[in-house]
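In the two complexes that follow, chain A is the common piece, with chain B as its partner first and chain C second.
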Partner chain A sequence: MPDPDVDVVVVGAGPAGAAAATVLARAGHSVILLERGPFAGSKNMYGGVVYPRILDQLHPQWWEDAPVQRWITRRSTMVLTDDQALTVDFRSERWGRPPFNGATAYRPDWDHWLAAKAQADGATLVCSTTATGLLREGGQVVGVTTDRPDGDLRAHVVIACDGVNSFLAKEAGMYGEVDAANYTVGVKETIALPKDVIDARFGVRGREGQDIEILGGTGGVNGGAFVYTNLDTLAVGCVLKLPKLSAQALRPEEIIDGLKRHPAIRPLVEDGEVKEYSAHVIPEAGLSMMPQMTGDGMLVAGDAAAMCLAAGIWLEGVNFAMASGMYAGEAAVEALAAGDASAAGLAGYERRLRDTFVLRDHRKLRRAPELVLSDRVQHLYPEMIANTVERMFRVDNPAPKPGLRRIFSDERRRAGVTLRDLARDALDGLRSFG
Partner chain B sequence: MKLTVCWKWVTVDGGEPDDRWAGVSPADEAALETALTVAAADDEVVVVSAGPPGAVAALRRALAAGATRAVRIDTDGAASRDVATAVAAIAAGSDYVLCGDYSLDRGTGSVPAFLAADLGAAQALGLVSVDVTRRPVRVVRRLDGGRREVLDVPAPAVLSVEGSVARLRRASLAASLASNSAPVDVVGGPPRSEQVAVVTAYRPRARSLPAPAGGTLTRVRDILDIGGEPVHSESVTLDPPAAARRIVDQLRDWGHLPA
Partner chain C sequence: MSTSAEAAHEHWPPQSFEDLIGTTRFDVHERAHITVDDTVCRGCPSRECIVACPAKLFVPTSDGGILFNYEQCFECGTCYLVCNREGAITWSYPEGGHGVVFKRS
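Entry: the complex of A and B
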């Protein structure tokens, strides 16, 4: 085997790739970080909130220079029907000061910042270059081919952080049959409004921001919706289950339009100027869709490994990407030290994933995505909950107040929810979230 | 043979110099590709850009594509007259100087003209094709009304090409990697210009016209220019001072210049 050009090739300069490259560069290894866009973050898209706690290990005091738009100090969960809205709203000043919790950030800023840190540690970033396939010898992955002339790049280890629908992981045979039901499409509008208008509408000041997660508001397509505050823009969008989306007539942008016209959302977004519309596929099925993550000479991290937690209460992805990238980097360092880049030599990767939140959260919440996106939770419960609350707060004098149990029981029946289904879902929910 | 390529590095959003939102126009890239195609193996292709340190990333891309030398003139916001003088010092002795016909900020295109004057070179702009196999180089210029002009341009000459002339070749992976640490020469440049150019959208000046005459149909015909002979252009032969005066008068009449 000829000498490799570099110790490790990391494909994709997103959060996973940048974290992996940082770990490897710090350990003194030569590492090339390939990015298909003109700069790190230029091709990436997400809803808008990142939970960077894991960066405490990689970049202590990261908040001092992180390109954050707003710190989430107000976390709301909203249930929408056509003409009702129930919001559970929590705010904490503690999340607005170090060590912080979640933040809104633009990916072209965030990923650029993380990749610049990897470069500062010694990684080589090569942009505008797409990895087009794997170089293999026997069963061992020994590098990648790229779309540049003379573009073969040989390495001891390839870490694929090439995002959802990872062509490299598929080429390596690490994914089973791809099922569209495991994916959602996230669509988002970035809407510009003056900062003081956003501050007033969302009741925040300075760098504080609000994160609104919405059940309902998706035009009858199973999924969820969101409104996030950036400094002088809002991110408004939906996440839509693919088979359900294709089975009906509305286009994703029409569904966002409907959301923006909802009486509870309209006052937040009206008069804003749409600056950007973007869409991206999301691996939403959690543990059940994860590929094989270790091969001979190859690791898969981030969205490429389906590490997106879509569990209703918790909607996370970038933190899983950064953590899995970091652990992939550590495992590669171990393998290089031992001179064994086979799957056995790289086994430290999955061990780390299993021992940390990365796979523990996914295992614990393995039933959550299906439950959250189920027809009952999506179509029957919002109506049932909103009607119950409406009757609870409605004053029907001269009729005396019915008891809450009576109201709930009425509304449950009216929504067509059987006690048996409710109990089953409650149990599922308890198992996941309890 | 020496070839010089001028790149105008522009920060797109006009804010802090940020490499992500900055670059050069497709026309500038076409200029480099044309130079690389003209150049024989031992020819020198110098790429020069006047700009802040952020311009280095673009210049390294030029080196990766095959330029032999890159020079950054250290300046930010200098007047184009001064930039041209600084570029001329580097471009001196070039057979051809290649420029993009437009920059990302759609500037005035004055640098190539100043440059040609400083170098005592011929100038051809608005080029839609450059036949590099001929000597002198044969170019096709875009004229108004869809017409074209074919010129044989002997060296030395400043040529401004449109983006459609060529597409910049993709650098090999090895060249891309090497360019990350490739040296870019830096020379001192002119200071920031005190003269602030205010660019506004073109608004034709109000002009007094005689009151409309004739019936409705005639007036509609007049407004829509129907039935008359189409006037594409006008050719006049004048000595240079009179020609310059004529151009200024015409620009004033059209409203491009204040009355």
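Entry: the complex of A and C
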């Protein structure tokens, strides 16, 4: 085999790729971080909240220079029907000071920052270059082809961090049949408003911010919605289950428009000016859709391996990407030290995933994506819950107040939910979230 | 709807789709990274792409075909995921450095 150009090629300078490249460069290996966009982060969009705790290991005191918009000190979960809203609102001052919890950030800023850290540690970032395929010898992956003239890159290990569509993992035969039902598409508007207006509308100050996760508000399409505060913009969008979306004949931008006009959302977003419209696909099904992650000469990390955790009240992908990228980097360091880049030599990767939150959370929440996107949770429960609360607080004098149990059983029947289904979903919910 | 709600509505007119997608930057390359074989689309019962593509790039023609333009594309992958007709969509990323450029997403 001809000498490789570098020890490792990492494809994709998203959070997974930047973390992998950092670990490898620090261990003294030559590593190229390939990115098809003109800069790291230019192709990437998400809802808008990162949970960077795992960075304590990679970049201690990361908050001192991270490109954060606002620190999430107010986290709300909202259930919307056509004209009702029920919100559970949690605030914590603690989340607004070190070591922090979640933060809003723009991905073009965040990913650029994280990739620059990999560069500072010695990784070579090559932008505006698309990996077009794998180089293989026998069964072993020995590099990638790119769209640059003479652009073949040979390496001992290729780490595919190329995101949800991962054509590299597909080419390597690591995915089975691709099923659209495992994916959602996220669309969002970045809407500008003066900072003081955002502060007043969301009841926050300084760098504090609010995260609102919404069940309902998606025009009857299974999915969810969100409103997040940046410094002087809002991120307003929704996540839509693909096969259901096309069945509904409502287009994504029409669904966002409906959300913005909802009586509970409109006062928050009104008069804002759209600065950017964006869309991206999410691997939604978690554990049940994960591909093979280790091959001879190859590892797959982040969304490329479906590691995004999409479990209703949680939508976390960036932290799972950073962690899995970090573990892929560590496993590659081990393999290089042992001179064995076969799947067996790279086995430390999956061991790390299994022993940490990456696969533990996924295993614990394996039923959650299906439950949260199920027709009952999506179409029956929001009305049932909102109507129950409405009747609880409605004063029907001269009629006396009905008992909560009575109201709930009325509303359950009215929504057409059987006790059996309710019990089953509650049990599933408990198993997942409990 | 009440008149006050209607009045408020006027202060906040719906945005045209062209204006909406006009907020996003695209550095278009001359090569089409996605192509659609209109002959395969004819007779497609679902035509899921028309509703699902967030960039509204699949336009139905009166004779049952599809008019497709790759230029303002998010490179998201929704279209090839929802389309279940072999050969209708040929999908790849644009040349490195081209295509959509997000700044505040």
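Quick note on the criterion: the second predicted complex is superposed on the first by the 434 of 434 C-alpha atoms of A that agree within 3 Å, B and C clash if a C-alpha of one lies under 4 Å from a C-alpha of the other, contacts with A are read in each partner's own complex, and residues count from 1 in each chain.
Assume contacts are C-beta pairs under 8 Å (C-beta built on N, C-alpha and C of every residue); 3 or more make two chains touch, one makes a residue touch a chain.
Everything quoted here is computed from the prediction, not taken from an experiment.
After superposition onto chain A, the modelled positions of chain B and chain C are compatible, with room for both.
Of the two partner chains placed around the shared chain by superposition, chain B and chain C are both touched by A:T129. Contacts of A:R70 after superposition: neither chain B nor chain C is touched. After overlaying the two complexes on the shared chain, residue contacts for A:H112 are found with chain B alone; chain C is out of touch.
Note on chain A: of its two partners chain C and chain B, the one contacting more of its residues is C. In the superposition on chain A, A:S42 makes contact with both chain B and chain C. When both complexes are overlaid on chain A, the residue A:V281 reaches chain C alone and has no touch with chain B.
Of the two partner chains placed around the shared chain by superposition, chain B and chain C are both touched by A:T146.
Looking at the shared chain after the overlay, A:H29 reaches neither chain B nor chain C.
The three-chain arrangement built by superposing both structures on chain A places chain B and chain C 50° apart around the Cα centre of chain A, to the nearest 10. For the pair chain B and chain C, the model built by superposing on chain A gives 9 Å as the shortest CA-CA distance. Touched by chain B in one complex and by chain C in the other are residues 38, 42, 108, 129, 146-148 of chain A. Considering their complex, residues 32, 38-39, 42, 108, 112, 124, 126, 129, 146-153 of chain A touch chain B. Here chain C touches chain A in the complex through residues 11-12, 14-15, 17, 20-21, 23-24, 27, 46, 48-49, 51-52, 54-56, 74-78, 81-82, 84, 93-97, 99-105, going by the rule given at the top. By the touch rule above, chain B contacts chain A in their complex via residues 19-20, 170-174, 176-177, 180. Put simply, chain A touches chain C in their complex at residues 36-38, 41-46, 106-108, 127-130, 146-148, 164-165, 178, 180, 183, 185, 187-190, 230, 233, 235, 242-243, 245-246, 248-253, 257, 270-271, 274-281.
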